[in-house]
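Shared between the two complexes below is chain A, which pairs with chain B and chain C, respectively.
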Partner chain A sequence: MIKSRSAMIFAWALLAPAILYVLIIVAWPLFETFRLSFTDASLRKVVNYVGWRNYEKIFNETFLTVITRTFIWTFFSVLLKMIIGMCGAVLLNASVPGRNIFRILTMPPWIVPMAIGIFMWGWMYNGQFGMISGLLQRFGLTDGPVAFLAYGSTAFWATIVTDVWIGVPMVTIYFLAAMQAIPKDLYEAAWTDGAGRWTRFRRITLPLMAPAIITMSMLSLIATFNSFDIIWILTQGGPSGQTTTMIIDTYNTAIGSKKYGEGAARAVVICLFLSMFCIAYFRIVRRLADPGKA
Partner chain B sequence: MALFRKDDTAMIDRYRWWEIVGIYLGIFAFLFFLLSPFIEGFLVSLKPLSQLFSSPYTFWPENGSFAAYFDMWKTVPGFARYIFNSFFISIISTCIVLLLVVPAAYAFARFRFAGMGLVLGAFLAVSMFSGAVLLIPLFRLMRTLGLLNTYWAMIIPGAAFLIPSAIWLLRTYMMRIPTELNEAAYMDGASQFYTFRRVILPIARPGIVVVAIVTFIGAYSQQFIFALTFNSKTEYMPLPIGLYAFFGKQEVIWNELMAASFVGILPALVIIFFLQRHLVGGLTAGAVKQ
Partner chain C sequence: MTTLFKRSLIGLALAGSTALPALAEDISWIYCGDRIDGVHEKYIAEWNAANPDFQVKPELVGWAQCQDKATTLAAAGSPVGLAYVGSRTLKEFALNELIVPVPMTEEEKAAYYPHIVDTVTFQDTQWGVPVAFSTKALYWNKDLFKAAGLDPETPPKTWAEEIEFAKIIKEKTGTPGYGLSAKTMDNTMHQFLHWIYTNNGKVIDAEDNIVLDSPENLAALQAYKDITPYSVEGATAYEQNEMRAIFLDGKVGMLQASAGTATRLAETDINWGVTTLPLGPSATGPGTLLITDSLVVFAGTGVEEKATEFAKYITSPDIQIQYEMSPDAGLTPLRPRPEVEELVKNTPFWKPYIDGIEYGGPEPLFTDYKGLQNVMIEMVQSVVTGAAEPQAALTKAAAALEEYK
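So, the complex of A and B:
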């Protein structure tokens, strides 16, 4: 590490462009969102400060339903990503022939343009001609076609499944990397003592992967909470608002109805939740890195 | 990163036959979930429309042909342009990110100064706020700057959100470059800038390449919300938005939409297969202590 005075100036000079960019494109808009949330900004040129009126206006039953829905949606999506990702990592960690190819084959949902993957799901969910409805009918599991995106309850789960589909590859690859960092001799010692495969997973893999699981759940929570593309492309928040999460709600208010002030107030509520997650995340990461300090 | 290492099958890894069957069944179920939209999408692109819109559902195409791959150019007139736009936006975004991130990552990797932890934390926090939350002020900013309905309206905000992970990745890489190199250069009287430019950059090149690839993929795969909101000109639309407009029509010509989608994801698939070794390492860097 280098500490001299001229080196310090050089270091700040290296950082300056990136800091400036992020200040203008992220920090300033963040500040503006707070400011606008206290105004009646719209397409009109005149902008008046209205105090807490936007917040008084948005905090009603509908908005609380949206918040609850967002949390339920996020919770199930993250939970499923973790479970399926863990199963995938365990399976891909098994030493069977072909596993390198299988590992590569997990990546496409993560790497291809998100919107295009979602278009494909849009077709799969099609009631009349889509694959899922078609196969369900063929195996006699449903009587008629099921239009997954046309009913609130099925659309809710359909959007979760698509979100899980996009998130699983990253979780799997990350868990797999963490799994392979566990020292082999631990398993060998346990094996010598007669521990079975399940016991070894339960007593060695899971505890040693706890940091990776916690870190990934937090990152996944933040990403899922911010999810926009999937719901927008599949349902636009419908039918009758049944898949409207906070992000979709904010987008509809701000961009759809051009109520910038009110939309900003909704965005501020999202920011508050995100900051809470963010603080929790940093605290957890610090604690994991240095257990003695916490 | 030893994800693709060949290890010797020790006794501990011997499976009984039913365990092997179970593992393969599990892997196939897992991969089926991840790949079925692509398989179905590909089969749909081969089916004639008459078969698509018929009941009962048939999985396999009858009289399948690649006709849709030729017809789509007529149905989606801007298709070639959309692909070009997608590439153009991704390449410029990647260049901007690299220009900003390479010096910043070096500063984080090599220098220790007051407030560094805070600045690094602030950069990482950027990735926690999606563009969707900041859409209103960004929209007003782009309008004020007169950038609405230009490439820049998609490139500038998009690049900002690619910075955090790029910094993190490259910092991890640069921390592994021995400090002795800096000391040796200092002894020889090289300036800080000379050392960075002539000593560090050439050594860091493989890391920079990985960061460039990962950033490009991020830029290519996440073109939606800014393009949807900040641009309404057909000639600047990236592929996802171009196809989205097509997707929203009353009568969707599904086989051609799927054919177009496949051509659109091709670059990403090519990258996966040629660069998977770098990719896995790059995408999971920081996951595990090296």
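So, the complex of A and C:
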């Protein structure tokens, strides 16, 4: 009894720093954000409790548009990352000469500091000096410079493309690792039975990679939903708010306009969405780990 | 044991009480930029030598974070002694009691160019000391004027001429005639305010009434719409420095820009000229938006009085003029002085920057300047992208501004 009690104390002592860390870095700011969301906190020194007013205020037409835009932005970004990541993994897994060099070449978007990569894309999208506009003009596809960040529709897709460029290497490497874990004899047996490349990919690779695809999709969804840097550096949510996602809107409200209470309410809404994604992710992971319970 | 505990507490309290004043007497200064200007460095050292009990400790913070850092610290209850901020924030800071007033004497006010003191005045008192000043003038590319068949020595004097010249340049050379920037950035609002102040317009009057929806401002927004087809394609993708880069590359005919552009142009092969901003139909004289940055003294530091004294010292006429004349500063002088006359004589490109001051207007003071900025940017973008007509955009913006005044 004494031994087990001291073992328990020892275990708690080992856990204490981690628990303290989580309480200070995660739990306390979360609690504070939640508390702030029910106040009219701003630059004023007096802070009043305002009940649900901040939440009532944010659920207007504009914010609903922002929520919809965030989901569309996230959906296409994650989808493209998964598709391109899968194609990349298949190519890198193929027995071609110089395969290791190709693997290394996949990494730069991941290695280059994110801000630098985004600024680079900003220049590429520039209508006057940008590479993309220059190439389009050279090949006669446009009759003048095209400023991709000038219009809502093109700016929206430009930010997605940049996010995909940054996110693809991680997806590719993850998928490649999962692909390499598939036993070779399955492919050999299928080949002996006359299955072609596409059939082998569809019937062996995809089903066996399903856990990796689902896991990666969920993780990517969480990270992309909260993506700030790309849109902020490229467009700051413009033009006319057409690339403003929930996180940009929250930043503009809380830090830009210094309406800390309203900003906190927006942050809580983001937190709720992310919590739902996380719960879904953990459920899926549990099912994948124990298919019998499904 | 109890005695020991009590003694320890008393000891700690004594230690605290002796240590605190020494800490409180540092005047911390959030200094925006990537280096402290040599002139400021010199006079901070002089101040510190003369005031050993009130040492000024500047902390360098990059421009992008500078204002947010000072504001956040103040809002969190740990303000710095003084900070370098855009004067447009003064009303917001003052109403929230984050800063203390820095009243000027009549003599001090009279020393400045007209309207400069207005940029830091709210409720008849001053809330900051101007430390940096910026005005704009119109640059034109003489080579492009010549190529378009225009007289390279005759810049536009009115908006009508400016739009007409931009059209001719675009049609004759294929190069955009004007550099209109309308990205989601603060300077999009500033660029448009220059048009308002060259047509005798206003955003808010002295009684805090929103007067944006006026015939003068409508004319300005209509002119913006009219010049857009002859401007650099995709105005909403560029802020003023990006547009300046295009002008420096010789790919645009005209641009309204600050004095720093002249220094950069000297390093190019472009044949250029600079003049006062063209005027709208209701203008009474050459105008420009008057933007100042100020030194503000934060409340609750315990060193407000000394910080105010330092702010006035470091911006006193003799020191300020040295700062303004620093080769890298590129600042429009705040006060008329013999050195300014000498500057204009030696470097004539400064003349239009000074000439525009008399009929210029201060940046509007709002309680939520970010709100003002967002409304103005949205208004400009909706017009230049064709999403709204000028009158509709103006009316909508004027109504939206009521929330932020």
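Following the convention adopted for this analysis, the second predicted complex is superposed on the first by the 286 of 294 C-alpha atoms of A that agree within 3 Å, B and C clash if a C-alpha of one lies under 4 Å from a C-alpha of the other, contacts with A are read in each partner's own complex, and residues count from 1 in each chain.
Please note the rule applied: a contact is a pair of C-beta atoms (placed from the backbone, for glycine too) under 8 Å apart; a residue touches a chain by one contact, two chains touch by 3 or more.
Computed from a prediction, not measured in an experiment: that's the story for all the values here.
Of the two partner chains, chain C is the only one that A:A150 touches; chain B does not reach it. When the two complexes are overlaid on their common chain A, residue A:R44 makes contact with chain C while staying clear of chain B.
In the superposition on chain A, no contact is made by A:P183 with either chain B or chain C. By the touch criterion stated above, A:G256 is placed in contact with chain C alone, chain B being left untouched.
In the superposition on chain A, contact of A:F282 is made with chain B only, not with chain C. After overlaying the two complexes on the shared chain, residue contacts for A:G238 are found with chain C alone; chain B is out of touch. When the shared chain is aligned, no partner comes close enough to touch A:P207: not chain B, not chain C. With both complexes superposed, B is the one of chain B and chain C in contact with more chain A residues. In the superposition on chain A, contact of A:G196 is made with neither chain B nor chain C. Residue contacts after overlaying the shared chain place A:Q128 against chain B and chain C alike.
For the contact definition in use here, the residues of chain A common to its chain B contact set and its chain C contact set are 128-129, 145, 255, 260.
The part of chain A that touches chain C in the complex is made up of residues 42-45, 125-129, 144-151, 155, 235-241, 252, 255-258, 260. Residues 68, 71, 74-75, 92-93, 96-98, 182-185, 232-238, 242, 245-246, 249, 251, 368, 370-371, 374, 377-378, 381-382, 385, 387 of chain C touch chain A in their complex. On the side of chain B, the complex with chain A involves touching residues 1-4, 7, 9-13, 15, 20, 23-24, 26-27, 30-31, 33-38, 40-41, 44, 52-59, 86, 99-101, 103-104, 106-108, 110-113, 119, 121-123, 125-126, 128-130, 132-141, 156-157, 159-161, 163, 167, 179, 182, 192-193, 196, 217, 220-225, 228-229, 239-241, 243-244, 247, 254, 257-258, 261, 264-265, 268-269, 271-273, 276, 279-280, 283-284, 287-289. The touching residues of chain A, when paired with chain B in their complex, are 1-3, 6-8, 10-12, 14-15, 17-19, 21-22, 25-26, 28-30, 32-33, 36, 41, 84, 87-88, 91-92, 94-96, 99-100, 102-109, 111-117, 119-124, 128-131, 133-135, 137-138, 145, 165, 168-170, 173-174, 176-178, 180-181, 187-188, 191, 212, 222, 226, 228-229, 232-233, 247, 250-251, 254-255, 260, 263-264, 267, 270-271, 274, 277-278, 281-282.
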